[in-house]
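Got some structures for you, see below.
One chain, chain A, appears in both complexes that follow, with chain B as partner in the first and chain C in the second.
== the complex of A and B ==
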């Protein structure tokens, strides 16, 4: 009996050790590349490509960052501006349109199961390979004369975010107690009033999750933005990819650009991690 | 005044709520998909904006299926997706098991581990391209410190694809991890507690109780990652650009290049419908597996 107890304790101790190893290795695996990216961005040009690589720079410089913005051939500032505008606009629109539509889909009563089928189709539109829509959308925008405009990208991004937003909001609405709305209905409140004054304030956390996920997607999206933007409407991811192609070995500014894209994401994650986890795991678990 | 039907006016108003959604989705999804169908069955040319387009039936599809580069890109995508999904599931499960817990420490650890999935794919690619550079990259430097000779990572045909899988592991394991953490924390407590009372070891509890109960959600994560890695583009674009040669020419990158650089629009339209068909099959199969696992977990 005593021996079994000791063996169990040792087993548990071994596990704790193993657990610590796994956690430390994973943290290192995540952190080291990011730190390396940052270190590369503050190195002097001579140290970018040295063999063996320099881990602790002999002299720190922020010249790489300055070069990003003052270089006459670089349009990083333009891309940053575009990314911010597009992200804000697309997120706002998709949350508004999505919340409205989700309210309708959870309250509408039509015969023949039309509503669940419609909701299912909206959801399904979030799951096909977007490469199918990229080329036709490209042609459509070209015919409309909207090539290389922020508007074309904003509309595309709203379309990208809507299925997930609608679905998220529907799940949130379904968790709200029905009595509140029912008493409002008895008081003669119409659907718009109920939506605007009662449901919306209660579903604000859901909208926050939807907004965060949408904003993130807009900020990092590359494929669709790169197909629509040539000169004027380029976004930050396009700037990153262009840097790689034009100036293959300019690791300093490249790392600076990368760091600039990453730092807001990290701060974002830290402050909103609670909401992020809720939003991410929403579809995967059966309640 | 005649009494208005409240039900009717409510229904109409609710239908109005749907209008913006339907307008946007028609523009961004429905019309492009319909146009894509048109493109895939005609000989559309960008030069004359389709003036000379005529019906060619399934010949675009045949051309795609006869194209060896397309078939090769499908094989490459399969290798990539299977490798990446398997690795991410295993690693994600192990890490998830280790980082569950409501303590402040664990929450901080989980937040840090989540960061990679929110970095733009093109930045992830750029970052790893610098790290895995054969001469000046930190990876080979660290390897040399432990006596391992330098690897060729992205430069050699044999190691290029595994290197891209490594990048995807860094990028996407957090996603699997967070789903599985949620799955583990919502496991019913009673079976685990009963087993602990019976004196089962940690490994036994994991293998015979947790794993079967987690199987459905592991399948969900597998589905997301398999399909997701099949459509991957961003980090391939900035690490290997399909090379060396065509070694990492995954399907979505191949179509992206054919469409936006070579403007073979009908080819891309037909090929992407084939891609959709394939993903539907995968979804159906994996969902069926998940339902089976759910049923056996419920009765087990």
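== the complex of A and C ==
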């Protein structure tokens, strides 16, 4: 009896230990690059690529950060402004359009299973490799005369975000008990009234999740943005990449700007984590 | 208030017929119950009346005007859902006022109506709460209130009591009856609970597999079922069915089953049954028409008490007659022990006979014995 109890306790202890190891390992994967990024941004240039790698810098400098904002050739402020505008606009638009589209897809009754086919097509759009869209977007925006504008990138980002937003919102709408809407229907509500007064408030957690995911993607997207922006519409990730030049790698400023780009994301994620988890498990609207 | 008339109402979901050629009238200011097992088409019928489903065929008239093409919002019918379907993000007050606001009633009128309704239902002190802060019974009242406050032409209630616990259900049953009596409203009520149907309704319509079986007052349905299905569905515990044949011997007619034989000689309707002599029939006896006070000369069934269930007010006995179990309800606590051999008297004035194949009623209790309750 006693022995079994001790063995069980040891088992528990072993399990806890094992769990801790797994958690620490997975954290290392995530955190080490970020820490490295930050440390590099405060190192002296000689230690950037030295072997063996310098983990604790011999001298701490914030010169890289100061340079970002004081160097007359630095366009960080412009990129920051672009990133904020593009992220806000693209997120708002994709949530607005996506939630309306999803509502239609879950409520329309069309013959010949047109609706599931349409919904399937939207899903398919979320699956193709995004690089295939780079050239079409480039050609379209050039022909429209929108190259190097915020509008071009906003349009492209809305396109990137819509499939996921639509599918997320469809799942949310389908979770809503249909009697609630039927009840509103009998109470005299038209389709717009039902959407606006009943469905929208109830699906708000879903919209929040869709908005958060959209915003994250817009903030860090590089490939499409870099193909559409040349000078005026550059976003932060493009500015980071600009330090990879034919004249060499500017690891210091690059790490500094990288850190500045990532920090808001980290704080944002900590702040919205609760909503993300709740939203992704779709329990938020259950009575 | 209003009359709802369904003419040849039919609804198919793909190839599955939910409602088949329903002809039914919900009379003005009367309480009509659609009763049937799940999947019999009663909820579909209600949804069609509300306009939430479009019928495949047939017409619905509200006050003799066809409303087939009228959208739900303009039908002026109110529905109470089984799940209540309250608006979770609104307070009770807003839930009640929602329809009135949509119809742009003046603010003063809305306030007055909401207050009156809330007082009537005893939820006046809950008006600031959200649905999730309410108990099941309170939610039920809010759902009712939301219908009542609109003063609709017709109330549609879809199993409104089935989510409540047993004690509350009994209480709400009585309250609902009182409430709708007072409102003088046309009500169409859907339930699978025969006790609700019997106690609350002016008329009961019994459906099975989308087909209307019988419409009538609760007692008509109880005493004059048109077929075996209706007879078995109404009454609790349900009727005993025993395969039997009829046999004539001189003036007397005998009902013969595998385990016993009963004499029908006292019945005047004997001649009517002549054509069924020798054919396969089903004898129906309600559990409350089997009595423990058997005497030597009466119609008797012998058997062994297999299970004795004491409910206090009643005792339910399962009687093993050899090839079959019969249910018997005795008033009070009967002093019967399981395993005991019993002789049970059959009240021959209250037996039912059905054709075995078509399940149609051949014989039901004579109206005379009911003392004019029908």
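Simple rule for what comes next: the second predicted complex is superposed on the first by the 226 of 287 C-alpha atoms of A that agree within 3 Å, B and C clash if a C-alpha of one lies under 4 Å from a C-alpha of the other, contacts with A are read in each partner's own complex, and residues count from 1 in each chain.
Convention: a contact is a pair of C-beta atoms (placed from the backbone, for glycine too) under 8 Å apart; a residue touches a chain by one contact, two chains touch by 3 or more.
All values derive from a computational prediction rather than experimental measurement.
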{"item": "In the superposition, chain B vs chain C on chain A residues touched", "value": "B"}
{"item": "Which of chain B and chain C A:35 touches, first, second, both or neither", "value": "neither"}
{"item": "Partner chain(s) touched by A:104 [first = chain B, second = chain C, both, neither]", "value": "first"}
{"item": "Touching partner for A:198 - first (chain B), second (chain C), both, neither", "value": "second"}
{"item": "Contacts of A:180 with chain B and chain C, given as first, second, both or neither", "value": "second"}
{"item": "Touching partner for A:190 - first (chain B), second (chain C), both, neither", "value": "both"}
{"item": "Which superposed partner A:46 touches (first chain B, second chain C, both, neither)", "value": "neither"}
{"item": "Intersection of chain A interface sets (partners chain B, chain C)", "value": "190, 285"}
{"item": "Touching residues (chain side chain A, partner chain B) in the complex", "value": "8, 11-12, 15, 19, 22-23, 26-27, 29-31, 33-34, 36-37, 40, 48-53, 55, 97-98, 100-101, 103-105, 107-110, 122, 125, 127-140, 143, 155-156, 158-160, 162-163, 166, 190-192, 195, 216, 219-220, 222-223, 226-227, 236-237, 240-241, 243-244, 251, 254-255, 258, 261-262, 265-266, 268-270, 273, 276-277, 280-281, 284-286"}
{"item": "In the complex, chain C residues that touch chain A", "value": "50-52, 72-75, 77-79, 81-83, 85-89, 98-99, 102-103, 131-132, 146, 150"}
{"item": "Parts of chain A lying in touch with chain C, wherever the complex brings them together", "value": "177, 179-180, 182-190, 193, 198, 201-202, 285, 287"}
{"item": "Parts of chain B lying in touch with chain A, wherever the complex brings them together", "value": "9-11, 13-15, 17-18, 20-21, 24-25, 27-29, 31-33, 35-36, 39, 46, 49, 94-95, 98-99, 107, 109-116, 118-123, 126-131, 135-138, 141, 144, 170, 174-175, 178-179, 182-183, 186, 201-202, 216-217, 220-221, 224, 227, 230-231, 233-234, 237-238, 252, 255-256, 259-260, 265, 268-269, 272-273, 275-276, 279, 283, 294"}
